[in-house]
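A, B, C, D, E and F are the chain letters, set down in written order, and residue numbers restart from 1 in every chain.
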Amino acid sequence: MYFHDKRLQYPVRVETPDPLFARQLQQAIGGVEGEIRVCLQYFFQAWGARGPSPKYRDMLLHTATEEIGHIEMLATAVAMNLENAPLTLQESAAEAHPIVNAVLGGERPRHVVEGMLQRHILSTGLAALPANSDGLPFDCSHVYASGNLAADMYANVTAEATGRVLAVRLFHAAKDPGMKDMLSFLIARDTMHQQQWLAAIEELGGAAALPIPNSFDQAQEKQEFSYVFLGSERGGEPPPAGRFTSGPSLDGNGSFSMRQNAPLGQEPMLGPAQPNSGAQIEQISAQV
Amino acid sequence: MYFHDKRLQYPVRVETPDPLFARQLQQAIGGVEGEIRVCLQYFFQAWGARGPSPKYRDMLLHTATEEIGHIEMLATAVAMNLENAPLTLQESAAEAHPIVNAVLGGERPRHVVEGMLQRHILSTGLAALPANSDGLPFDCSHVYASGNLAADMYANVTAEATGRVLAVRLFHAAKDPGMKDMLSFLIARDTMHQQQWLAAIEELGGAAALPIPNSFDQAQEKQEFSYVFLGSERGGEPPPAGRFTSGPSLDGNGSFSMRQNAPLGQEPMLGPAQPNSGAQIEQISAQV
Amino acid sequence: MYFHDKRLQYPVRVETPDPLFARQLQQAIGGVEGEIRVCLQYFFQAWGARGPSPKYRDMLLHTATEEIGHIEMLATAVAMNLENAPLTLQESAAEAHPIVNAVLGGERPRHVVEGMLQRHILSTGLAALPANSDGLPFDCSHVYASGNLAADMYANVTAEATGRVLAVRLFHAAKDPGMKDMLSFLIARDTMHQQQWLAAIEELGGAAALPIPNSFDQAQEKQEFSYVFLGSERGGEPPPAGRFTSGPSLDGNGSFSMRQNAPLGQEPMLGPAQPNSGAQIEQISAQV
Amino acid sequence: MYFHDKRLQYPVRVETPDPLFARQLQQAIGGVEGEIRVCLQYFFQAWGARGPSPKYRDMLLHTATEEIGHIEMLATAVAMNLENAPLTLQESAAEAHPIVNAVLGGERPRHVVEGMLQRHILSTGLAALPANSDGLPFDCSHVYASGNLAADMYANVTAEATGRVLAVRLFHAAKDPGMKDMLSFLIARDTMHQQQWLAAIEELGGAAALPIPNSFDQAQEKQEFSYVFLGSERGGEPPPAGRFTSGPSLDGNGSFSMRQNAPLGQEPMLGPAQPNSGAQIEQISAQV
Amino acid sequence: MYFHDKRLQYPVRVETPDPLFARQLQQAIGGVEGEIRVCLQYFFQAWGARGPSPKYRDMLLHTATEEIGHIEMLATAVAMNLENAPLTLQESAAEAHPIVNAVLGGERPRHVVEGMLQRHILSTGLAALPANSDGLPFDCSHVYASGNLAADMYANVTAEATGRVLAVRLFHAAKDPGMKDMLSFLIARDTMHQQQWLAAIEELGGAAALPIPNSFDQAQEKQEFSYVFLGSERGGEPPPAGRFTSGPSLDGNGSFSMRQNAPLGQEPMLGPAQPNSGAQIEQISAQV
Amino acid sequence: MYFHDKRLQYPVRVETPDPLFARQLQQAIGGVEGEIRVCLQYFFQAWGARGPSPKYRDMLLHTATEEIGHIEMLATAVAMNLENAPLTLQESAAEAHPIVNAVLGGERPRHVVEGMLQRHILSTGLAALPANSDGLPFDCSHVYASGNLAADMYANVTAEATGRVLAVRLFHAAKDPGMKDMLSFLIARDTMHQQQWLAAIEELGGAAALPIPNSFDQAQEKQEFSYVFLGSERGGEPPPAGRFTSGPSLDGNGSFSMRQNAPLGQEPMLGPAQPNSGAQIEQISAQV
């Protein structure tokens, strides 16, 4: 179960509110690279953890709980960047508007509004929403919790890698020193979280954890195709040589090779449509 | 650009059609662990590849192109498992129905229909659809192509790890020898693809590629927080010790430590609602 | 604006409620082939109609308004098929349950529940919902209203063609005479609506309406490619000969021919990643 | 920021795992009436709270934090109901399977599998997922945080009212005493949360908070239409008389009356399509 | 069943078309606070109404039917605001463009285009679409029809409260007198509809309708937790005192109190992963 | 199975990158009128084709394969239009930025950023994504493959008609000669594809293929309603006369007529809510 402290994990300051930056920050809240995703992903992985010990459930709970606080920081930052944003398209409001005049260089309000997420004005009253920077709500199909611990750790590395790429992009896009400071903290946490899931993979055996799942007897797979790069260039031009075309595989179970792809299967012939199946007459009376 | 051969990459045979297995196979077509996802993911990574050389664009094109053929194999397998599936709930059809009597042990047709994806009957005329095993259409927000090559390679490892977990589950669920054979091939290809993206990560520098992105000057992140596991247990109980709480970090740039999480930030106080912002009067007249 | 009569357009009777058929009927309400879709599609086409005269706006309003009544009939039919459906998994309820004993042949309630849309029990209190037969809510991206009248008429033919295919499938799946009667009416209306949009295409010029849009000067398209079937078989095997490979085109503006597809374009070479773009170092320092 | 205790808020016990009940419980996790929704809704309302005082932000944080623990309880309950669920369709596994034989009365495994959410087998390894009982992932467009405190409180009452309806339905569907006990706790919490938001509405002024938003000068609305029930029956049959057709309005600002709806506006005539707008020629050359 | 009159319920006039305002109006069509939602919500509530009498079905039909006319008014308003909107990014068109020059103060067309919903240009031919102001299509999961009449009435109050908040925001954002007039009518109707659903709640018993559902015997809920506010602040700081922490509950069945939240449940321990479940070996061989 | 050539089907050249045009091109990639849709639609139609001969499977494979190359061309065009797009809102970058100064006439970078799809900056590193021009990801519910060949051919005509309308709009919006050239090629291909599916309809019998499905015995539909236009104007004003109100139907099976719509059905009366169904007491105790 869970508890809160009404203070933030790290200070959030905005000297110069910028409604367009509020929009960009939404990607870190509700984007697929964002914090709602990692928060729920770590929680669902924890809540469904089966074996090898309570250790990974526990570790996941610690970090999932931290992530709620990151969503909170970003949602606060969005609201602070929307303070006093213009609510109207009307030209007459131009001179009087503090954001528009003092901060954004005297732009007409409608120019500021044009760049905003419209729902920041119309749906939230100048606050964050659980959506990305183009207004798409987060949907929980992005919560990866596969029941395979190694697969989940790689999913977590991916989430934190794309998350840190996003945070770096926001850092460079930001102008406000408070925002840069907040992002420098979040980038550091993404560094740690990347490292932490990679450390868990090492602990789970590194190469011995491969191929994922490592519980499937490889004698049951068509091993002739397990370590061969299949080239699909129509004239047979080989793929570029690389670590993946020769040498030992990373799981230590085979050697990479390269081969041109070619059809081994048949031309598929499905049966005719059934009577009463809603097809055209000709499909039903077809001879196979 | 692209070309086709009307034969399949590998044979697809179904001795005993099973409409419920057809439903399960849909997960490998339109699920987030499925083949439409990896196919489009590798294509969009290829089409947007910037630096370091055309090598990765080329490699991605080879494998993306192979994956179209995997969707094709699975879609064919779904249609073959739906051959002669019952189209009606009516009891009177019970005796005459070949699938129901000969194969599924004389079940009443409505029992077979109950376990089916209804859209296999109502929308496709007994063929595959680009949706998962519970009928959710694939949506392209799952196509990860971040513009960062290392992040993308980890995304690909994740996709092939969850993909192989799924294929293994389907292999165990399958009864038909043709289906087991097809899945043994797809599992082998997932083995290779997992290995291949891991090989690319090694080629991109392995630890030197970390933290992702490696182009951000770590002096600009709050390094005090870059390698510390923050414990969030409310009584201060530490997280379980592990590879991620002490010892060198995997990027070689720091050492793991552990610390209890605590608020460093303020209690946030947003400004009152603006006049004309659609809030209640009391929110507008509030003093900050 | 709109008015109602509380009676239905056509009688809806259910002698023997069947919760699984209730589920299947959902496809005709909230599926992409269903009535919410055509209703909203015709309304949005009407409300956005520009030229050539108010005629098409008017015609669309008549039929859109009729379609509300079709959703109503189907929603009523779903609720009537759910009358007295089991609400529990408990075995003890088996004997007493009227649907389970009298109608479905004494099945255990959990078998009936297994085949139901769970939201019919949990979310609606045994009534219809605006979703398809596998529980996917209708989403309005399926409302086609392109601003081009001829394109919209073809979209409408498509909607009524897939809609009639669905209605026919439901007719064959149905056992209850009341349901068969209702569906025989809806099938007849789908017949008319198919014909009606085809008649509108004829009225818009038939072949003279092609290619859509017919307002684009074809001299501005690469006419060398306007009437040629491009074959993409890798070995150059031609596509099957047909009406589409030779003879006059249907718009009367050209003649069909056939040619093997081949690359006319370059191998794309994007520039390196920008500094501060979140890419890996190697991508940024790449030479083009 | 946030903290956790690894124990649950309330005990979760399952004596007899039931995979179909696991599926039904998903509605309380990822359904629109479920716990992810209220959790995120209260958090986003708190994080965006503007005026009249920190009080409502604080209150919302307490309850939002409690709700994380409810998702956790339900996710745990789903996993416990999936313990030892069948993973295969194969008949041969029938005798040996503990769930199938001992608990579900000797059903064939495929019957149990038919009623399951397929992703419980294929995607999560027998654990919960953030989706509803028909497999639809939760999407955050359902998080209502409007910036108007009174509107939000009504949204919260609605969420807890539909949530308690759902919990009651699950209570009746449940057979296992542990599950009934857990649900009796969650129903009690829903009772409190319903009451709590209603209490907040009373505190915000009750009738004085109406109409929402109460900051809009009603002199600016067309007051002739503010308290009149418009009847839309085509023959003019009036709506049933009720509290909403006569007597004082609930905001104390008017009196209810009833009137037949009738067109006050024009027949809309949009301009012709612009040249180069992709319309048909006839639409472009139309005379208005 | 349904009928139409081709005139609008209320006049829609636009003196000065504004493509950005057209975008904002979309929120009132296809946003979750918009008119498609209430229209379909009232219809599905009516079509599934069970007890206590036909009264509520009838009332709902009247208002649902009125709402179709509101979508129509707004869709017309969007199209009228898009009259003569620029279709091109080309600078050369700048001087000649009537909207750009006369109305928007001589902006370059690309500035106008930047603020538009791109699908207004590319997909609809300058007409409305059933999507919100950021382009997200309406999806019918937002149609609440729970089978519980009191819950539904609260859902309707919520819809009309957020709907009126939105309409007020649009009123303030609007500049055109015709648009302000139309919105003043829609705001008045939202006033009535709010009042009407609140009146229905009163008619259903007011406090006696609580807690929703009032058909569940409260002796079966854990009443110890039914009227207590649980505080989740980690240090035990109590929530702010309010109407919801002491005094009689609003259903008259209890008294509010306050207590610190604490774990009553266990640390969950799920069983190890099953063989053949796709987990890692270590998860399968784990001891519980 | 499939093969590739790393060259493009047709040259893609961009002289003057324009990030707003990159956004508009997204509609042709991931919009419902776009190339991902037709590509997957033709593939799924091919892979599920049943009768009358392998001909249509083959034809569909040729064109589906061509369409992959169209997605590739457009994705390349998006990336080329994003070359050197601004990544920051900062004013200080204004002078130095090549796109901003040389190409877009010296606009401030934030103006350029305002018009961009934010995910082009934040999520893809200046490359295409499988989403539309307002950022909505493509979802595969738009892939129509009904199992009825004639219905599918009409769906394909619709897709290519709306696709060509879109391409024409993009052609007019484009300024860059390379982009105009690319679009003139894609428009030509859309011309052919429209013609090709219409040719297939002719080959399938033209009028003889109607009504779709033509395998349903029309004696089983309520033929009284099969060819009559039902007018729904409340006062009985007839619909505008047209090809669809009199004369022979297009399938040759009837004659069009016109009639005023009127209720033939009952006022629906559902049963009261079941005990334990979560309804209000009054709904449960209602008399039917």
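The rule is short, and it goes like this: a residue touches a chain if its C-beta (ideal position, glycine included) is under 8 Å from a C-beta of that chain, and two chains touch if they have at least 3 such contacts.
The chain list, named the UniProt way, goes like this: A, B, C, D, E, F = Catalase.
Here the structure is a predicted model, which means the values were calculated and not measured.
**Q** Identify, among B-C, B-E or D-E, the interface equivalent of D-F, where equivalent means over half of the contact pairs coincide by residue number.
**A** Of the listed pairs B-C, B-E or D-E, the one copying the D-F interface is B-E.
**Q** Could you check if the interface between copies chain A (Catalase) and chain B (Catalase) is built from the same residues on both sides, meaning over half shared, or from different ones?
**A** same
**Q** Take the average of all CA coordinates in chain A (Catalase), do the same for chain D (Catalase), and state the distance between these two points in whole angstrom.
**A** Those two chain centres are 25 Å apart.
**Q** Could you please state the distance in Å, as a whole number, between where the Cα atoms of chain A (Catalase) are centred and where those of chain C (Catalase) are centred?
**A** Their C-alpha centroids are separated by 31 Å.
**Q** Could you put a whole-Å number on the gap between the CA centroids of chain C (Catalase) and chain F (Catalase)?
**A** Those two chain centres are 12 Å apart.
**Q** Distance-wise, how many Å sit between the C-alpha centres of chain E (Catalase) and chain F (Catalase), to the nearest whole number?
**A** The mean C-alpha positions of chain E (Catalase) and chain F (Catalase) differ by 27 Å.
**Q** Which residues does chain F (Catalase) have that touch at least 2 chains other than itself?
**A** Expected reply: 1-9, 32-33, 47-48, 50, 54, 58, 61-62, 65-66, 69, 76, 79, 87-88, 111, 114-115, 123, 125-127, 134-137, 139, 141, 146-148, 150, 165-166, 168-169, 172, 212-213, 215-216, 232-234, 261, 263, 265, 267-268, 270-271, 273, 276-279.
**Q** Chain touch graph shape: choose line, ring, star, complete or other and state it.
**A** Basically all the chains touch each other, so complete.
**Q** Touching chain B (Catalase) in the complex: which residues of chain F (Catalase)?
**A** Going by the criterion above, the answer is residues 1-9, 30, 36, 40, 43-44, 47-48, 50, 57-58, 61-62, 65-66, 68-69, 71-72, 75-76, 79, 123-131, 137-141, 143, 145-148.
**Q** In the complex formed with chain C (Catalase), which residues of chain D (Catalase) make contact?
**A** By the definition above, chain D (Catalase) touches chain C (Catalase) via 18, 20-21, 23-24, 27, 31-33, 105, 111, 114-115, 132-136, 165-166, 169-170, 172-175, 232-235, 261, 263, 265, 267-273, 275-286.
**Q** Spell out the part of chain C (Catalase) that touches chain F (Catalase) in their complex, as residue ranges.
**A** 3, 5-12, 32-33, 54-55, 58-59, 61-63, 65-66, 69, 73, 76, 79-80, 83-84, 87-88, 125-127, 136, 139, 141-142, 144, 146-148, 150-151, 154-155, 157-158, 161-162, 164-165, 168, 171, 184-185, 187-192, 194-196, 198-200, 202-203, 210-213, 215-216, 218, 220-234, 239-240, 242-244, 249-251, 254, 256, 261, 263-268, 270-271, 273-274, 276-279
**Q** Mind pulling up the chain D (Catalase) residues that touch chain B (Catalase) in the complex?
**A** Listed in rising order, the residues of chain D (Catalase) that touch chain B (Catalase) are 1-6, 47-54, 87-91, 108, 110-111, 113-115, 117-119, 121-123, 125, 134-137, 146-150, 204-205, 209, 212-216.
**Q** Can you name the residues of chain A (Catalase) that touch chain C (Catalase) in the complex?
**A** Listed in rising order, the residues of chain A (Catalase) that touch chain C (Catalase) are 165-166, 168-169, 172, 234, 276-278.
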